[in-house]
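In the two complexes that follow, chain A is the common piece, with chain B as its partner first and chain C second.
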Partner chain A sequence: YERVGADVTMKCGSMDWDAAVTWTVNGTDIDESHLNGSYLILKNVGLSQSGQYACYEGSSWHLKYQTFLRVGTPPKEPVLMCRSNNYPKGFYCSWHLPTPTYIPNTFNISVVHGTKDMVCEKDATPKNRCHIRYIQLFSTVKYKVTLTVTNPLGKNFTTLTFDEFAIVKPDPPESVVAKPVPNNPRRLEVSWQNPSSWPEPESFPLKFFLRYRPLILDQWQHVELSDGTSHTITDAYAGKEYIIQVAAKDNDIGTWSDWSVAVHATPWTEEPKHLTTEAQITETTSASTSSFMAPPTTKICDKGAVVGSGAVAVCWTAGLVVAAYSVLFI
Partner chain B sequence: MAAADSPSTALRRRDLCSRGIRLAGKMRADVVDLLDTYVEQQGLDASASVAAVEGVPVAAVERWDEQTGTQRLLENLAAYRAFRALLAQMLEEQREQLGEADAGLGRALAAVLLQVSAFAYHLEELLRLESRGIPGEEEDGPPPPPRLSLFEQKLRGLGVLRELAQWAVRSARDLRQLAKPSPATGTAPGLAESP
Partner chain C sequence: STGDSWGIFTFLCAALCNLPALPALNCSEELGAGQSIQQTYDLTRYLEHQLRTLAGTYLNYLGPPFNEPDFNPPRLARAERVPSATVDLDLWRGLTDNARLAANYRAYSRLLCYLRVLDGQVGTAELRHRLAHFCASLQGLVLSIGGVMSSLGYPLPAGPAAPPAPPGAPAAPNDFLKKMDDFWLLKELQTWLWRSAKDFNRLKKKVPPAVVTLRLEARGF
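After this line comes the complex of A and B, so read on.
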């Protein structure tokens, strides 16, 4: 194992310095310019110089020496994160290196609670993760987690100190569903479920944060809900497609989850009615002057086109509406 | 204890539990605010580690999920009675130290003391519902602790408030456990005497 940038000298086993030898790397001969007598000199090694190096006696072509060179770097300070998404059962810690070392690394993790050592059991998958069960609950004593990473070229470590409540962060809510409400052009019914990883929602209830906006706008609306797993949005813009997300947090402690997967929904809009012949003719003339919000179908009772966003137009008879349009636009 | 609750008992218990949970929530919010004020006004370092102070009930508990309802009530009651005395003492010390100069802190302490007393009362009511004898409060209590230096008093105060904040969270959880209806008998789980 050698560090990137190091100068490497390889001796051909027990051969004298002035012996005639041939060096190969991965089966390919190495040019004599890299030799100092029978020593192979590699200056400022790079990652591409990793490989199988072999040295053969000049004439007999006997293999005298062989080694596998691995070029890498010592580990930088690892990145460590601990979180409890299954409070009050326990928590997990996961880690990674900010830059690869290109050689094998070993990770060692220690968890101390006050004076007590705790065992963090390594997970099979993902590999750089371990979990630990809480022995005590409601403790003010902090946890100290130290992660040490070692490889043949060096070692490094990082420490995290936290208290029980601070790392509680549930997974996002699951199965978020948003549906239009029949006959209600400004409503959307949203429902979701507690994340399945949260073990005891009755004793450790979650509260929720809902955010929604029409696709065409950037500003989110927010609603915080202290209980229940459903909510009806009552101020949706008629006919507009919405994007909706939900987040969760323990009622008392910890931080908000990430946002759930986004769902899309459009509030209910009325089905196109059958038009009379007269209405059809007059409707065609006014159709071209409808506002940009009009949906593409030529509906007589077009709520989207009437009086700006969100207004609910009461459907009079077809003739009356058409008459109003004619007055406004002709 | 009777094998099954009368409907009115079950209702009263649920009512007391939900009120208690709300009270615990408010208490915690107030204690957390008080902690910030206390740390600032007493010139302490918020991240200071305070060793377990004698006489301060520690909220940390092992096998919390295995506790019976009665255990929960008794432990909570003992804790809040202790906090009542500790907060009263803190108020006293605070008045001695600062007189009128720190009325805000004094008022906040008094408000929390009131909530602690109210909560203790709630717990006593719940125990009464279970036809449990309420443990009497010791007449004299433990001997008064030796006079602490001003700094030690402040650190102790920090420890008291921190543990109280933890207890407030724990108590809400305890009451939620108590309020859960048991599937078989209709009584809250764990309230039966353990054999």
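After this line comes the complex of A and C, so read on.
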């Protein structure tokens, strides 16, 4: 094992300096210019010079020496992260190296809680991850996690110290679904589920943060919900496609999860096809039900009450639809 | 002399500590147990928020290293007098409602006591004001918990205990250890408030429906 950039000198086993030898790398002969007598000199080695090096006696072609050169780097300070996404069961720590070393590394993790050493069980998948079960809850003593990484060229380490509460961060909510609401051009019904990794939502309830915006705008609108796993957006711009995301947090402690997978939805809009059935249901007359948007909707308005107290709302939403479509046509 | 000051300390605490022992039966009769639990839960959240500001100010008053964010001292034996929220996970899960409430009641009664002593000793007017306000809110919490216990038919734990330290135990022999005591007091208080939020969440789910409906019927729902 050698460091990138180092100068490497290989001796041909027990051969004298002035012996006649031939060096090969991965079976290919090496030019004599790299030789100093029988020594092979590699200056400023790079990653591409890793390989199987062999030295043969000049005439007899006896193999005198062989080695596998691995060029790499000693480890830089590893990146360590610990998080409890399954409170109160425990927490996990995961790590990685900021830059590859190109040679094998071993990681050793130690967790100390006050005076007690705890065992962090390594996960099969993903690698570079281990988990700990809480034995005690509501501890005032901090946890100290030390990760040491070692390879043949050196070692490095990093430490994290934290309180039990500080690392609580759930996984994002799952199965986010957004649906239009029939007959409501400004509504979108969003529902989701608790992340499956959160073990006890009844005793450790989650609160949620919903954000949504039409695709065409950059500004998000936010709603914080302390209860329930659904919400109806009531101020959507009619006919515009929306992007919606949800995040979760323990009601009392820790930090917000990452945003969920984004879902797209467009509020319900009247279509000529829809309008035909709508008009037939809601209107007593059936005149001009097959024409464009505007006339039938204004007709509903002109006709006055259609769905009782909902008439005003229908008028208003119809007017908005007209406005929205006219904006599109500008 | 230290003997005199210790005597004053214990007397002070005994006097101050008897205040929260008043049961709040009148309040709880009007509210359903479910509503009281919700209110108690809300109180713990409010107190936790208040404590964050108070602790920040107080730790700055104590000065370094107490106000450093990564200050992580070992827990000295003397700190064991302050009631700790730490509990075995399975044990905590299995607590009966009565035990759960009683643990909270006892802990806050004692913590209140310690805080009141602190209040008497603290230097700046601002801190005294904040501490006094916090103590008042904390007393409200103790009463609220007592109310929940009464409305569920549980007996209140016997008084907020004797003065926190037996007369023989030493008061902090030096300034630094006294500050350590204060540091741990605030830390345990903070942890208790986090724990209580979880305790009351569990209680919210488990309040027997019969009790709630009884109250609702009485109000003509």
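Some points to look at:
Methods note: the second predicted complex is superposed on the first by the 272 of 330 C-alpha atoms of A that agree within 3 Å, B and C clash if a C-alpha of one lies under 4 Å from a C-alpha of the other, contacts with A are read in each partner's own complex, and residues count from 1 in each chain.
Methods note: a residue touches a chain if its C-beta (ideal position, glycine included) is under 8 Å from a C-beta of that chain, and two chains touch if they have at least 3 such contacts.
These numbers were taken from a predicted model, which means no experiment stands behind them.
In the superposition on chain A, A:Ile135 makes contact with both chain B and chain C. A count of residues in chain A touched by chain B and by chain C gives the higher number to C.
Of the two partner chains placed around the shared chain by superposition, chain B and chain C are both touched by A:Ser203. In the superposition on chain A, A:Tyr1 contacts neither chain B nor chain C. Overlap of the chain B and chain C contact sets on chain A: residues 88, 135-142, 165, 202-205, 251-253.
Residue ranges on chain A touching chain C, taken from their complex, read 88, 114-115, 134-142, 144, 161, 165, 202-205, 251-253.
Contacts from chain C toward chain A in the complex involve residues 45, 48, 70, 72, 74-75, 84-89, 92, 184, 187-188, 191-192, 194-195, 197-198, 201-202, 205.
Chain A meets chain B in the complex at residues 88, 135-142, 165, 202-205, 251-253.
Across the complex, chain B meets chain A through its residues 25, 28, 49, 58-62, 64-65, 162-163, 166-167, 169-170, 172-173, 176-177, 180.
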